[in-house]
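Both of the next two complexes hold subunit A, though its partner changes from subunit B to subunit C.
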Partner chain A sequence: MAEAAGVPAESLAGCRARAARTVLDQVVLPGEELLLPDQEDGDGPGGAGERPLRLNAAARSRGRVVCGPGLRRCGDRLLVTKCGRLRHKEPGSGSGGGVYWVDSQQKRYVPVKGDHVIGIVTAKSGDIFKVDVGGSEPASLSYLAFEGATKRNRPNVQVGDLIYGQFVVANKDMEPEMVCIDSCGRANGMGVIGQDGLLFKVTLGLIRKLLAPDCEILQEVGKLYPLEIVFGMNGRIWVKAKTIQQTLILANILEACEHMTADQRKQIFSRLAES
Partner chain B sequence: MQTESKIRADSGTEPGPRVPGCSLRHFACEQNLLSRPDGSASFLQGDTSVLAGVYGPAEVKISKEIFNKATLEVILRPKTGLPGVAEKSRERLIRNTCEAVVLGALHPRTSITVVLQVVSDAGSLCGCVWPCVGQITSQMGEEEHCEPTSQMGDNGGSVAEEARAVLTFALDSVERKLLMSTTKGLYSDTELQQCLAAAQTASTHVFRFYRESLQRRYSKS
Partner chain C sequence: MDRFMQRGLDSETKKQLEEEEKKIISEEHWYLDLPELKEKESFIIEEQSFLLCEDLLYGRMSFRGFNPEVEKLMLQMNTKNKAEEVEEQTVELDVSDEEMARRYETLVGTIGKKFAKKRDRAIYEEDENGDIKPVKAKKMFLKPQD
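The block that comes next holds the complex of A and B.
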């Protein structure tokens, strides 16, 4: 279904704008222009051509379309800036036109507000800790941003500790700031990550895949060995099982499952469950 | 992922030094082959092969930071010996073209470093370096894909030495407009226009190759 629309466009190599609907789930290259659904026929509300009034659900989708990662607004069209697959999510409550974004494979993390990440404390200076999150600059974490921390009661954080927190300030112009409490003042799982365990790095796409609501990899891994696991959106995973050998096996499985199909994964899990 | 493709364009005669033809050699590419850099690619055209890696957006030295865009740095290492003046001038050429294409304004006060290593050189070095750079910088965010074709010297090392002139152009993916041109040798106005037209025709094949290799790369997800 998507193939047929892709083939004639290839011969022009994207030198004309295509409707975003026809390119969903296909690979797009930087420089391509996409038309939103309400611009496909006619020139827009002030156009010279006559457009029939559509009394169906499609007419309602004219609203605010959110342009996600990998896309930019260019006039009234969307310009692709990263290569990857184009995705779309329908709006939940019926208002707005949904979200469009490009799923790309990337290893480098760029801080985004609200993301939960695993950081490594690199320096303690005065009242703040400098935390390396894998971005272009270290994030700052105030010592008061922990649950139950006061000026007299400082948290027990040393250089080299692992921290799980979320960004409250993260844009291209300012230094990122993170905290280990939520808006109500509770830790909610954030804070210093305990002793032992293994921290390793994977691509950002794998993290998003593992954190998707319908991911079976995590359930299968949980049935294999009892474990503690923390996912950071910056591509870092911390894992801890009963023995070092089990921890290493789990780390290897999670790194490898990016490139395996579901069948290969099931084979490996069944082989491990036997031994 | 490895993709190979053999392209013979329509006017498939071997170009001599006077008649610009359009015959591309076999090319192949492999992506994400290195584990350390944030992105890497290897591109092979005929017997010429270049390996590229990109790091970024990463920390930048205070002395080199630019307040409103990313600092782009290109390092080109020859196959043997220390890098010299020719490498420096090529690095500058690549950097200037990439700055026009990469959206540096999205990552101010960061650095993007592109490292290129010549693995083997049989004449079409300029033409090989670019696809590498294009494949990996597309992870950073680009306004358009940029692509080079080399004319009049595109048939192997010995012909490049005999050719009267070697012209290399970088074209953009959206409208095939000229982004960069570098030339060496003696040629006339009409020959320049003919070469540019031949490069634009050849670039269609290369962009199709990019698209196929990216589709293969994303086919597993």
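The block that comes next holds the complex of A and C.
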């Protein structure tokens, strides 16, 4: 018994670290270690003798590698912390290395600096608003963090309003803080989201899928009828159309399109277009 | 030596006092008696944000003219992402650096002349080109030596 249990454990431990580029777009599990391209073992199969020379040259020209969400640094290697598919993006211009990250799915949002989110104002205490963003703590939003706000000219924000803003402080040690202006002091579409409409919650992966540059779903949705959508990276979507029925249809489509195939989606859209 | 109008300590005495303070401080400072650990420069940076990974569009959208301001914003923000890459390459200067340096050199003299008293205006002589060039030697009060 002990022997049988011991052997698999050894073999597992032996082949734990895989090269990152061999695992691209495949499922990785938490606990796996990944080797960066210029750390692969010289005595792998094929070309063992020549490898060390080539790797040294590559190592010097390698720039900084960015390890994104789902990965952590572990010595010289990457350690996977979320299960999902491993992705890689080549560096656009110069600053080398590229970005590795894990495309995972989750519903719980963790505040990240720079993310644009939709929040609900829950309290107004003194000079700051407490905004619920779906994280572990409500974020704080100062009343001066709106475009054109001064001590005398306060923004018109009430409890229960929807706010579209971005995080300036978001780490595990401090309460998250958000603002509704950018670094130049302009609003850029952030601030209180208007009247009416519907707010609903989806998974974080769906938001990223919908906000991808080549998203067909949004293009098709845009052809149906005039509408307005706001996407928050915390999994919240706000939609508004001319009638309540149209708004509800839109909300249902967006929620359902996560689990539909492209054909099913096209069927639904064509049915809608007819009616 | 006569010393009039002397406030505070002499510079020598000051130096001595500073050195004594430093000695006291360095003896009191605690330090670890370990060999210096050399941290390897790591090539890996950790980032928790998806903005670097994927090129995501701007979060507010409007279709078929429902909200014209948002539609304008959409165009602005989505082209800003692509325009940023192009702008890095071309930085055009209206005025070259050398010309700026020349202008500033003469500007200092012109403005200085404006605020100088009549007696001092003679210091600002005119160059051949008509540019104002301030001469450095100005008449200052010389302290009588003992």
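Assume the second predicted complex is superposed on the first by the 238 of 275 C-alpha atoms of A that agree within 3 Å, B and C clash if a C-alpha of one lies under 4 Å from a C-alpha of the other, contacts with A are read in each partner's own complex, and residues count from 1 in each chain.
Going forward, contacts are C-beta pairs under 8 Å (C-beta built on N, C-alpha and C of every residue); 3 or more make two chains touch, one makes a residue touch a chain.
Note that the coordinates shown come from a computational prediction; the quantities given were computed from them, not determined experimentally.
When the shared chain is aligned, no partner comes close enough to touch A:V169: not subunit B, not subunit C. In the superposition on chain A, A:Q106 contacts subunit B only, with no contact to subunit C.
When the two complexes are overlaid on their common chain A, residue A:I128 makes contact with neither subunit B nor subunit C. When both complexes are overlaid on chain A, the residue A:V221 reaches subunit C alone and has no touch with subunit B. Of the two partner chains placed by superposition, only subunit B is touched by A:G84; subunit C is not.
Of the two partner chains placed by superposition, only subunit C is touched by A:A212; subunit B is not. When both complexes are overlaid on chain A, the residue A:P30 reaches subunit B alone and has no touch with subunit C. Applying the stated contact rule after C-alpha superposition, one finds that A:A17 touches neither subunit B nor subunit C. For subunit A, the partner that touches more of its residues is C, with subunit B and subunit C as the two candidates. Taken together, the two structures place residues 110 of subunit A in contact with subunit B in one case and with subunit C in the other.
Subunit A meets subunit C in the complex at residues 36, 62-69, 71-73, 76, 78, 87, 89, 92-93, 97, 99, 101, 110, 112-116, 164, 188-189, 208, 211-213, 215, 218, 221-223, 225-233, 240-242. Every residue of subunit A that touches subunit B in the complex is listed here, in rising order: 10, 13-15, 27, 29-33, 70, 79, 81-85, 103-108, 110, 135-137, 172-173, 205, 209, 259, 261.
Against subunit A, in their complex, subunit C makes its touches with residues 42-67, 70, 73, 77, 85, 88.
Those residues of subunit B that touch subunit A in the complex are listed here as 32, 38-39, 56-60, 103, 106-111, 138-145, 172-176, 204, 207-208, 210-211, 214-215, 217-218, 220-221.
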